[in-house]
Every structure is written in structure tokens, then in C-alpha cells.
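Look for chain A in each of the two complexes below; its partner is chain B in the first and chain C in the second.
Let's look at the complex of A and B:
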């Protein structure tokens, strides 16, 4: 079950503070990195919501992210809508597509669920790659950022945009945390723990899973809209399954089913990628080694390991009482 | 309340349920007896919808539910416990019971309120925990509690959904004589209006609690009547008790 523990709250506040301090001390390049981390953190949170808490490991979150980006680009460039309407369109587009994927795939489990999501994602990728309306393989340039000058914010300034994305990442975390501690989130964890029993207790399970997947897709769509505005350009590459794979790596590296880990994983991966790339072209190998180390050391991920050690510290005193049960039962 | 008409189910050439008919009255305590492989658990699976029958009807309050899904039947007040513990692993006893209670009380999809702290849900969790003797273990993980406690939680999960019809599949298996006595007391404490079907191996317990006994053998109903008659029936002694003896034939 999800609990917004003091440890989680502390970690979020620390990360948010670090992001703000970094934003005011770094240059243009650092701000680009920070923006990328914030955007990817939103998709990673979306992915952890379904994979970590709902047991639905998805290989289509890159596609949902890309659909959001294309929805924003289409609304603003092709239809001439404002940035706010474009963002709403991205959220709705990502959410609707994800709900559909969830509704169709909810009856499958494990590897079959992963394959179903992969198939949906690659279908979307192939569609945008071949569609002349959306620029085909060239993508769509000329995307403008949201105009918040009325509120005194200049999003065309890279610091302003980085902070804007950081705030939205925080809001995404708050939204996911609220949802996970609600009845909806509790039930989602129940489905992950024992789906047939949840059904036997009277829950229309597929509807719940589809709703969770749709919510996750809406968040991924929001991140896509931010990515489109960040680079002011969208391309089909955003939807490719390798993007989904990288998102899964972030979540697993940070700690699947910890929510904070998703944010941490996004940060670690982006910074490792750029820092290591300065020394060697083989940065993928470094990420791979870190991932292997993570999986072999219990699979808890960075934040999962922190929570584990923290919990052991707290539990050390009452431990003798807890073992009087029957530790031998499997 | 619960009625079954000519229910049949085969797995290939093996007929596991053959033209079974039953009629259980509201508030009745019905015990299903039969040797291993007689089709008792299969009948439960058919009743709750985990298996689809080849033919026949299942009616709840006179309404045909044969085509309804597992969850739709559960929402009509049909709950079951399993022969093999089927809990929410990794969660606490409280969380297990709350998942069930929240589902029955329409709190399972609340978007803001924490269903596990909902007043109605918590009241049900505490009430059920008291009934099944788990009040002391509410915050313990189901992975660490003793087998007997898990067995009681298995029944508690079904009970927390406040069913009208409760199906219990060998609730006392593996819990020892002390547990069986406690289960006896637990059963007598349940609301009189609750309709209960129990698959049971313990004959004394079965005869002690049953209003009526149904005996299955090779998927067929071979006896349906009051426990006293069952106790005196030579037929039952032969097919049911006989199968326990060394000379017994039809065990699976």
C-alpha cells in the first residue's frame, strides 16, 4: 500500500529544493537538462502508477508521451489553438489512447500484457511515421510555448521553462500520491496483489485497470505537451518503443512502486547520460551496469533500497517480537 | 434464496457435476459432504461463476445469474472463501479486510478519500476481525501470521463483503481441534439471516451445524435431507465413510 511517509515527503522536498537551487546556479545547458529531467519524471511517475502499483508493466508509455506531444503540436500548429487548449488536448489525447489500450489489454497478464502494450505503441509510432498530415518521418516544427506573460512568466526563457516544468512535475507527484492513497489507489494495489480475489469480492476489475491506465496516459500526455514545447518540435521518435524501454529503466533504477524513485530514476539517467557522455560514447554500458547492479542487489532500486534500509533501522527494536510468528511459512 | 437446477459440467470425458439440483432457503445452514473428487469445489466454482456450466441454471432470489460474471454475482451478495488460502499477499490483515469491505461499500473507486480509513470500512474491518479472532493481528502482514490466522482471514475476507449468501470451502482444513471448536462458535455467532453453504470434511462439525446436508458423489447429488437422516443412512456410510476406509473405492 502507498503511504506518503515522512521519508518520501523529505525526499520530494529535497529534490525540489535541489532543482530550484540548480536552476538558479547553472547555465543554459544545465537548464536544458533540468527541463528534461522534470518532463521525464512526469512520464516516469505515470508509468510507476500502473507498473509499480497496478502490476501493469507497460511498453507503450513512450507512445502515450508522443501522442501527447503530437496532440499539442496539432492543436497549436494545425488548428491554431492556444497553448492552454493544446495542453488540455494532449492530456485528453494521452488519456483516451491509454484508456483504450488499458481496456483492451486489461484481460491479459504478465508478458502478454507487455506485448499488447508494445503492439499498441508501435502501431501509433508507425502511424505518425507514415502520416503526411503530421509531417511523417520529418515530424512537425514551429511549435510555440505556452504564453504565460499575463502571469509575468516568460516560458521562452530557459530558466522560466525549467521551473515551470519542475512545478508541473511536483504537481504530477502530488496528483499520483493523492490518487494512490485514495480508495481508487488502494483497490489498484489490491488488484496487483490478487486480481482474481478482487474480482471475487465484486470489483469490475478491467474497468478499474482501464481507468488507472487512462489516468497514467493523461499524465504521460501532459509530459508530451511539455516535451513538444521544450524542443519546439515533435518527431515520431518520441513514440518509439525504445523510449518506453528507457522509461522503464528509469522507474526500475529509481525503485519500482515507490513513486519518488520514478523522479530519482529520471534524474539519475539524464545526468548519467550527459556526464558520462563527456568521457565516453559508451554511456549505455554504464547505465546497463548500474541497472544490473540494481537488479542483482534485491531489485528494489535506489529509493526502494533507501526505504528498505530506513524501515530496517526503525524496525530493529521490535524485531524479536515480530519473529515469534512463524517465519518458516512460505 | 439460492437455487440450482440440473447443473452439469464436464472436463472432457470426466463429468464433474451431473444434473445437480439444490434449493437453499434464506438463513439456512447447508453442509456439502462427499469424498475427495466428488465435485464439491467444482460446484462452488460454478455457483460463483469461476466456471461456466455446460447446462443448467443458477438462481439467486429467483433471478437467473448463470450468465453473470464473477464480480456481478458478488455484487448480488454471493461471497466465497477458498479451500486454499487466497489472500492479498504482502499486505496487512487490516488492508486485506479493508479491500473487501471498501469494495462492498462502494468506496473502492473513491478518488480522494482513503477507503482504508473510511469510518464504515474501519467499523466493518474491526467487527469482522473480532468475529474471526484477528483483532490482535490487524497490523501484521499476512505473510508473517500463523497458518490458522490466515485460514480465519480467508473466511474474514468473504465475510467483510457483508454477503447474503456465504460459501465456505473447507474452512477448517488444517487448523486442528482447537480451531474447529472456535470455528463452531464463530458459526453460531453469525447473523441468523445469513445463508451459508459449507464444504466440510469434519462429520461431527457438519452434523452439528447443518440444517440440511447434501451429499455429492461422482458429481451427483446422492442425498439431500436433514443431518439426522444423513447420519443414519446406509448409503452415505457406504459411499462417503466407506471411501475413508482402507477398502474404499471411488476416491480421486
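Let's look at the complex of A and C:
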């Protein structure tokens, strides 16, 4: 079950402070990285929401992210809508597509659920790859960023945009945490723990699963809209299943079912990728080996391990500690 | 064009050839899953490894048949290493951890291929015995592709006999049906798992070596074939030989005829098919367990 523990609050504040300090001390390249981290953190939070708390391991979040990006691109470029309407379109598009996937796949479990999400994700990938309307395999260029000059913000400045994305990532975390603390979030965790019992209690399980997946997709869609504005270009590559795989890597690396871990994992993966790329262009191997090592070492991930050690520290004290440290990943 | 009989014959042969390639890959994947309950996303990488080893072997020995012989053995040896180092301890780790570890393996293999063979696509010559073209039924068709179809059918027949007529086959079927009960009856299930895993890897390597002369050998050929193979396995039903046959034929034909008749819809059609099967029959068309 999700608790916004002092440890979590502290970690989020620390990460947010680090991001802001980094934004004001680094150069153009660092700001690009920070923006990437903030955007991927939103998708990773979305993925952790369903995978870590709902037990629905998805291999289609890359596709949801891409659908959001394409929704923003087509609303602003093809339909000529404003940036705000485009963002709304991306959230709605990602959410609707994800709700559909969740509703259809809710009956399947384990590896079949993973395969079903993979199939739907690849379906979207194949569609955008072949569609002349959306530029096919060439993608769509010429995407403008949101105009917030009325509020005194210039998003075409890379520092402004990096901070904008960081704030949205924080809001995404707050939204996910609030959701998980609500009755809906408790129900979701209950379904993960014992689905037949929840059904026996009279709960329409599929409706909750679909709603959770849809919410997650809406967040992924928002991140997609930010990514489209970041690079000012969208391509079908965003939807490919390997992107979903990398998102899962982020979540597991940071700690599945911890929410903070998702953010941490996004940051670690992006920075490790770029640091390793400076020495060798074989970053795939490094990431692959780190991933294998993480899973073999118990699969708690960075923040999961921190929480585990923190929980043990508390357990040594005389009063009984909360047994929250080891979420069941199976 | 489409009214012409030779068009249909040629496309049917193309579809069969793709189906047989998919069959060689999916049969290993599906039996490994059925027995070990293990999802091996790196199966496509083993196929690519077979192709790379095949290219090197045939260049070294100057003959296609060197590739044909060496690739399955080499890939099976790599499979043994993987089994001992990783797969044995991941068996009870749940589908997500298995997916993640084998996804990590895909990344590792990708860079190993780049280190070993470079980024430039490689080619491989057809064997002299099956080079050139064959004329029959009023069409002209590359002989080597007929060889692929024939080989697929031979492997299919051999596996059916192995599974239905031999003791090993009976043990494998018992293991898929109920592994615990098979173990209780005194069968060394662990050893059967190991043999089946090696056989699956060898077939993936064989598929790589056989595909190398037809497709160009690239570092991402493994990830490219992985998804259609998974689709075949899930449509057919995890762990079932009949499912692998049916799924391979279905996907081979849908993909080939889709590509020539409705190029716009072809790519989506395969996934839509998978989605429909998962909704209507979540365990696949021919589930291994009653």
C-alpha cells in the first residue's frame, strides 16, 4: 500500500532542489538532459502507477507516450489549434487509448497481459509508421512550443522549458501520490494483492483496472506532448516497444512500486546513458548488464533498497515497525 | 495482377517460406515456455547469433554447409551458458523479472554483435546445391527458398514424431501438462528442461543460418523477428506444437498477403489479429493444457 512517508517526501524535495540547482548552473547540454529526465520521469511515474501498484506490467507505455506526442503534433500542426488545446488533446488521446487497452486486457494476467499490451502498442507503432497523414516513417516536423509569454515565461529558452517540465513532473508525482492515497488507489492495490477476493467483494474489477490504465495513459500522453515540444519533431520511433522496455528499466532500476524510484530511475538512466556514451558507444551493453544485475540482486531497485534499509533501521527499535519495506513484485 | 494464377502461387510460396522461418523460431520459444514457464525475449538475439556465426563459419570454411552445421551447435552452447548462469535461477521469478532480464540480454547481445561483426550489414552466399531458380507450375522461383520451405517441413515432421512417438516426447508433454506431477513420478524434469532449452536454442541458431542468405545479416535482425515470433506463440497457445504450426502459418500468410494486397493495413492487421485472439481465447488457439 502507498504511504507518502517522510523518506519519500524528503527524497522528492531533494530531487526537486537538485533539478532546480542543476538548471541554474549547467549549460545548454545539461538543460536538454534535465528536460529529458523530467519528461521521462512523468512516463515512469505513469508506468509505476499501473505496474508497481496495480500489478499490470505494461509494454505499451512507449506507445501511449508516442500517441500523446502525435496527438499534440496533429492538433497544433494539422488542425492549427493552440498549444493548450494540443496538450489537452494529448492527455485525452493517451488516456482514451490506454483506457481501451486496459478495458480489453483486464481479463488477462501475467505474461498474457504483457503480450496484450505489447500487441496494442505495436499496433499503434505500425499505424503511425505507415500512415501518410502523419508523415509515415519520416514523422512530423515543425512543432511549436506552448506560448506562455502572457505569464512571463519563455518556453523557447531551454532553461525555461526545463523548469516547466520539472514543475509538471512534480505535479505528476503529486497527482499519482494523491490518487494512490485515495480509495481508488487502495482498491487498485487490493486488486493486485488478491483479485478474486476483490471480485468476491462485489467490485467491478475490470472497470477499476481500465480506469487506472487510462489515468496512467493520460499522464503518458502529457509527457508525449512535452517530448514533441522538446524536440519540436515527432517520429514513429517514440512508439516502438523498445521504448516501453527502457521505461520498464527506469522503473525497476529506481525501485518498482515506490513512485520516487520511477523519477530516480529516469534520472539515473538518462545520465548514465550520456556519461557512458562519452567513453564508449556501447551503452546498450552497460545498461543491459546493470539491469540484469539489478533484477538478480533481488529487484528492489535503488529507492526500494533505500526504503528497505530505512525500514530495517526502524525495525531495530523496540516498537514494531510498519512492514511496508518489501512490496510483492510477483 | 491479382487475377493471375502465378501471382497467387508465388505469394503462397513466399508466405510458406516466412511461415517456416517463424516456425523454427516459435517452436523453441513455445516449448521452452510451456515447460519452464519462462519468457525468453532473447530468443530473437539467439537467432541473430546463429546468422552471424553462420556468416563467419561459411566465410572460414568456404561453404554454406559449414554455417548450417556450426550455427546450431554454437547457439546451443551459448544457450547452455545462459541456462546455467541466468535462466535456471529466473524460473520462479515471475514474468516481469523474466521479461526484464531477457530484455537486458537483448541489449548485451546487440553490443556484442556490434563489437564482433561491426555495424555493416553482412551477406552470405547460397549453397551451390540450391542456387539459381526452379521452374514449375508456370512460375520461376528461387531454389533456395524452396529449400527453406522443405527444411521447415522436415523439422516440423521430425518434431511431431519426437513429441508424439518417443519417450522424450511423452516426458515433455507430461512436463508441459503438469511438471510437478511428472517430477513426482520420478522423471528428472530439470534434465528434460535443459535438453529442451538447448534444442530450442539450436533451432533458433539453425533459423538464423538458414535466413542469412535471404535476408541481410544486421545487428537488429533479432529484435525485428522477435515480435512476430511472440505473436505466433501467443496466438497459437504457449507450449503447444500445433499452436506454433497454426500460428506460424496464420502470421506468415497474413503478413505476406497483407503486404501485397493491402500494404496500408498489413502491419496493423497482424497485431489486430493478436488482440482479437487474446480477447476471445486468452490462452491461444491451441492451448497446451486441456
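Just so it is clear, the second predicted complex is superposed on the first by the 317 of 330 C-alpha atoms of A that agree within 3 Å, B and C clash if a C-alpha of one lies under 4 Å from a C-alpha of the other, contacts with A are read in each partner's own complex, and residues count from 1 in each chain.
What we mean here is this: contacts are C-beta pairs under 8 Å (C-beta built on N, C-alpha and C of every residue); 3 or more make two chains touch, one makes a residue touch a chain.
Since the structure is predicted, the reported quantities are computational estimates derived from the model, not experimental observations.
J.: What is the contact status of A:96 with respect to chain B (first) and chain C (second): first, second, both, or neither?
T.: A:96: touches no partner chain.
J.: May I ask you to decide whether A:272 touches chain B, chain C, both, or neither, giving the answer as first, second, both or neither?
T.: A:272 contacts neither chain B nor chain C.
J.: Contact-wise, after the overlay, does A:232 reach chain B, chain C, both or neither (first, second, both, neither)?
T.: Once the two structures are laid over each other on A, A:232 reaches no partner at all.
J.: For A:110, is the partner it touches chain B (first), chain C (second), both, or none of the two (neither)?
T.: It touches chain C, and chain B stays clear.
J.: May I ask you to decide whether A:16 touches chain B, chain C, both, or neither, giving the answer as first, second, both or neither?
T.: A:16 sits against neither chain B nor chain C.
J.: What is the contact status of A:85 with respect to chain B (first) and chain C (second): first, second, both, or neither?
T.: In the superposed model, A:85 contacts neither chain B nor chain C.
J.: Looking at A:183, would you say it contacts chain B, chain C, both, or neither? Reply first, second, both or neither.
T.: first
J.: Just which bits of chain A does chain B share with chain C as contact spots?
T.: 329
J.: Under the definition above, what is the set of chain A residues touching chain B in their complex?
T.: Contact set of chain A toward chain B: 1, 178-179, 181-184, 186-187, 189-190, 193-194, 196-205, 208, 211, 322, 325-327, 329.
J.: With touch defined as at the start, can you tell me which chain C residues reach chain A in the complex?
T.: 33, 39, 86, 89-90, 93-97, 99-101, 103-108, 110-112, 114-115, 223, 227, 230-231, 234, 238, 263-264, 267-268, 270-272, 274-275, 278-279, 282-283
J.: Would you tell me which residues of chain B are touching chain A in their complex?
T.: Chain B reaches chain A through residues 48, 50, 69-72, 74-75, 79-80, 86-92, 95, 98-100, 102-104, 107-116, 118, 140, 143-147, 157, 161.
J.: Applying the document's contact rule, which stretches of chain A touch chain C when the two form their complex?
T.: Against chain C, chain A makes touches at 51, 57, 59, 104-105, 107-108, 110-112, 114-116, 118-120, 122-123, 126-127, 129-131, 241-242, 245, 248-249, 252, 282, 284-285, 287-292, 295-296, 299, 329-330.
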